[in-house]
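Labels A, B, C and D are assigned to the chains in the order they are written; within every chain, residues are numbered from 1.
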């Protein structure tokens, strides 16, 4: 045991970056890079000006949803209501803005308010009534989508004004080098920046802390219930912003947002963020979202039969998470195979002391 | 059987009792509401409908209960169910001679998927949520690539089972009840069944007691797959054909999880019972049935379902608060007991 | 650290794997070879194809102002025992209300119901929605059968084969069983009401593409879902025509998710020339059109349906469009069929409704008639002569 | 029957034999190696050297179940029970009796009932869920479980720590019962009265080595205490004389404070003073600290801070009253294991005064350097640090919140000697700077070396107050209730 003296000097950034590549949260960037190379191989046009930024732009909603989900997962919870929030907000935007540009601002404000309300409900039910978030958000999903469809007659009446849709559809033309920059890329960059900033702020660290060990945080005089509730609020706001971008990008439809909660959870987990909370980096979750989207694009370009695509995604998920675990467990497996016969002799003498994590 | 009845009695006194209390209230309220509208909740048609809708979900829920007791989840059930339906109907092709082969193929495939889930969760130790999401996606790829729409044809025997009734009770419901009893027996009468509770409740205690946590995981997931397969067969028996979509159409993944939780189980594992889950399904089915009779707008039905889930679990969470024994409790008068901060997690 | 290193290795392996998967994938690039796929589509049925092809252009019996009561000459069903002495109860097992076409039809049906109730022909319509689930629908039909209070059944099956056994049980009650929309895998029903058919739908729009795209051209095909018979039939017919015309095509399953559609079309534009977009559901066309706009490309031939969102985009953007029609007014016909039986009138056994597509010629008229309707409305809703028109459809309140 | 151990790193050359039907007491101060010894016997740890002979056979266990099957059962301090399962299911977990391949619940319940009958317990039904039982009853279930293995030896680790008096009586009867049936009991306890009452022979451990094994009849309580204590450690402590301003207004004063766990707590804590709290496990020391800080608040009595009455009901209020509370279980309530060193240190400031958090960062660095924290840097995850360094970070966390009153619960538990000394120096320095420190410790030398005064607790009450330099014997006697005349009225 050599004593390492505490040093305030952090390692130079490149060293830290390279080191982090060997962590789950860092390796996702390698995977993303590899997939982008493959995508460029199938679609040489990707290197053309504007193409890459368009690709980033159209995937921005998923990345934003992943950011929202990250907050909740980091705090040790789930948010299954994100898809329903997106659908509800899309319908809201379609019905309330209509073709009247004057309505845009008030309706955006209303949407954010609705988003916050959903987050508050999710958060309070989970923290104060102690309903597991999986159930809470499943319940709010049903309630929210049921109500939206009931009130709007099953579908939004039509696309909102073009000025509103420009947020998700338009962009800045003729940018040097890049060519076209969709607004959604700017929104994503702003949000990701804000999220990174927020995670470094006291609130972000408390959020992480609550996911890591709620008791410690509670003894420091903070209110875990309020920290968690804010995570749910952030996630609902993220879903709302994603909804605004999606209405802009492709127009209204009640199916917009369907299944996004699972995509978001998958992206976050692929990004090395632990279910159960307290671990993982927010940008890795964003990278996880882009891994999924790049994969979909590759499958499109490669002409893989459309019906097989979910299977490829499923396989990637299982392998990406399973192989590392399998690698660390290979010893245990050997022991298991060897001791197949005897029941009394249980393997792994250190097991009783190991701390088992529960989701 | 006496131990089973004792077991039943025991669980009725515990949180399962709450579930059935809620169920009774729901049924009474339902009967009143329907009666107020000039309809009979207990009409044979309605009872039969209620039981039929309980059957398929019930089979899935039995498996899901095991998996949740273990502390895992099974999101692949809808796809396993569809898989079983297309395989059985495909192999049978309407021929009596293929009856057994069709059933065997479907159940083997379903159990195999369950086993794979079990390996991923129990041995590789991937989070059950993610693992079964992944296998579900893989199966869906297989299904939608190889089957476009309804396929095959049930053998006459299977169709006969699907339509047969004993009084108002469909034979398939009786089959579900048999599965329920078998799994209940498995849980209370086999070591693996008991160990399942232990692994889900506290993995450390299980290991200290010499239990290998992988075994219950493998068994629970395999049974869950197998029962989803049986559910697929029941669907084929009723529809006469297999379909790659029947599972996803029913939304059996989240609905079954919701039913188990409404039945008093906790998602973290180790607590819950088959009988509670049965109560959970019956609560859902009764409310659905009332709403069906009342012709409630389908979207409002969803709202009601969502409310039930949240309210039920909130009620159970209240009941489950831990009380700390007090050394000087006698001295104090009105001071409220307060759990330590750690107890909330 | 061991885990971490393993992670990196894994990801590298995965990346390689992904590469391998994509490299081995059939087709590799561009479009699916046409001839190979032609034999594959199990949904193609030459007989049905020929029949619907002839019905497309046939002359219909009845008042053209009331297309929902028109039919093709053929065997009729005598009302006979179905004649009711007073207002009768109809039970309706509906597959779902999960898309805008069904919602439009359902609104029309309810307005028609009010009329028939006023006239004292129908007392009540009891409805159960199966929410897109075959199993639920079977239970719903069995519920009606067991309750024994229905004087007639209307069934809009979720999938024809799967609901067949239950439909047969409804038939065995001896009460009239009216099937509409997707059809049942059994012939026991009193009548089957439908517009010409899915194949005709596909033929209409695919022929338009054939006429407007040079042989060898490339069509992007957007399919809502695999295995749903309505969509599969539309596609089977269109595929047949594309194959015959020597057109190349790439097909995608979209789930009608506009975001997905737009990404797909954008990628296709990036890959190279797209000469036409064929959709199997009107909702899919608008995002596809927008993808061309956003890419700064001219909009090629994009087919659609009679939903107003498409018709309006067509009008506004002036591309070569074509709207196949699958009449939403058949929902109304189903109820009228029951009413006619109760009144002792004969109805066609196979009630084929006209299915007249909207071409550039009719576009302005159709748009004028439907002014003020929401984008989700379908022009062929057939409610023009009902008292609630147009407010009820404009407000779009789902009963 | 005999057992021998030779040469452990933590335990060295322990040579111990337990006779059939004997109750063998194992005593020693904290850290003497009792727990390690028990865990080796239980199969939780493996030994490095030496042999364990059971009935003359050399045995080695790599898993608790092996030890149990061989006839050595252990009742640990933390229960290994599933709260949602029945008593019988818990007792037979992993080896449920089967009839024709099926678990026989009837047999299981019958066997459980029989076990309780042999124990003379009739209050527990085999089919009740464990979670509905009291702590004492759960303890009995653990004992029944240990016995169910047909144990030849049962070792018990502080079995009475959580029990009330009448429950202790029951346990004594049970042990007597076991003894009659020829079962040997290895009894670890701090409560000397029980040791003398129950044990036939007593083994004393000190610093991982065996001091003596004597028949109980040859020992007096005073002698035993003398054997246990006497570690030459005083040189490790920094000078005290830095200026406890006793006599000035107390920083903290409790008057008849109490709640569910403690009662009638009254004392004053002055600025510049280190007040030690001693007592056996379960005496209510931790609960007093929790009451003061608001973690588990007092429900009666009066607390004053600097003379002003306060009513602290939550940790947040405690922090606003400038109270720091370093908890006993670092991992469970003190650390954020997956977070970095810096995040842990700043957690407190961020939680209660986020605006000051950026200003706190350089201060944290200063403190780290001053405490000679051994870590790779601010970004290292705290779980990779040693216990001592973790504790330094926890202290830093609290100091950054500028407390006046510092509550320390077992501040040096699981910490190496070097880190301990650094902490002692820090404590002294803090006291000298006018902080008031209340320290709970089970390490008597530490209490004696550091405290200006020592409070002794027993059974939830304050029983004695001793001056700083009191002898270990004096403290132990008060804590264990050996010397009845020492009990304060």
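Please note the rule applied: a residue touches a chain if its C-beta (ideal position, glycine included) is under 8 Å from a C-beta of that chain, and two chains touch if they have at least 3 such contacts.
Nothing here was measured: the structure is a model prediction, and the numbers come from that model.
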{"item": "Farthest chain relative to chain D (centres taken as mean CA coordinates)", "value": "C"}
{"item": "Which of B-C and A-B has more C-beta contact pairs", "value": "A-B"}
{"item": "Rounded Å distance between chain A and chain B, as computed from the means of their C-alpha atoms", "value": "29"}
{"item": "Between chain B and chain C, centroid-to-centroid distance (C-alpha), Å", "value": "35"}
{"item": "Chain centre separation in whole Å, for chain D relative to chain C (CA means)", "value": "73"}
{"item": "Length of the line joining the C-alpha centres of chain B and chain D, rounded to whole Å", "value": "44"}
{"item": "Multi-chain contact residues (two or more partners), chain A", "value": "149-150, 154, 215, 218-219, 305, 307, 312, 344, 346, 352"}
{"item": "Multi-chain contact sites of chain D, meaning residues that touch two or more partners", "value": "63-65, 295, 332-333"}
{"item": "Junction residues of chain B - those touching two or more other chains", "value": "144, 204, 208, 210-211, 297, 299, 340-342"}
{"item": "Contacting chain pairs - touch in the sense defined above", "value": "A-B, A-C, A-D, B-C, B-D"}
{"item": "Residues on chain A engaged by chain B in the complex (per definition of touch)", "value": "125, 129-132, 134-136, 138-147, 149-150, 154, 214-215, 218-219, 224, 262, 265-266, 269, 275, 305, 307-315, 317-318, 321-322, 325-326, 329, 333, 336, 343-344, 346-348, 351-352, 354, 356, 358-359"}
{"item": "Chain A - residues contacting chain C, complex", "value": "21-24, 27-28, 30-31, 34-35, 38, 42-43, 45-46, 51, 54, 58, 61, 149-150, 152-159, 169, 246, 249-253, 255-256, 258, 272, 295-307, 312, 316, 319-320, 323-324, 327-328"}
{"item": "For the chain B and chain D complex, residues of the former touching the latter", "value": "3, 6-7, 10, 14, 185, 188-191, 193-195, 197-198, 201-202, 204-206, 208-211, 270-271, 322, 324-329, 331-332, 335, 337-338, 340-342"}
{"item": "Complex contacts: residues of chain A adjacent to chain D", "value": "3-11, 16, 201-203, 205-206, 208-209, 212-213, 215-223, 278-279, 344-346, 349, 352-353"}
{"item": "Of all residues in chain B, those that touch chain C in their complex", "value": "43-46, 48-49, 52-53, 56, 144, 147-150, 159, 162-163, 235, 238-241, 243-246, 249-250, 292, 295, 297-299"}
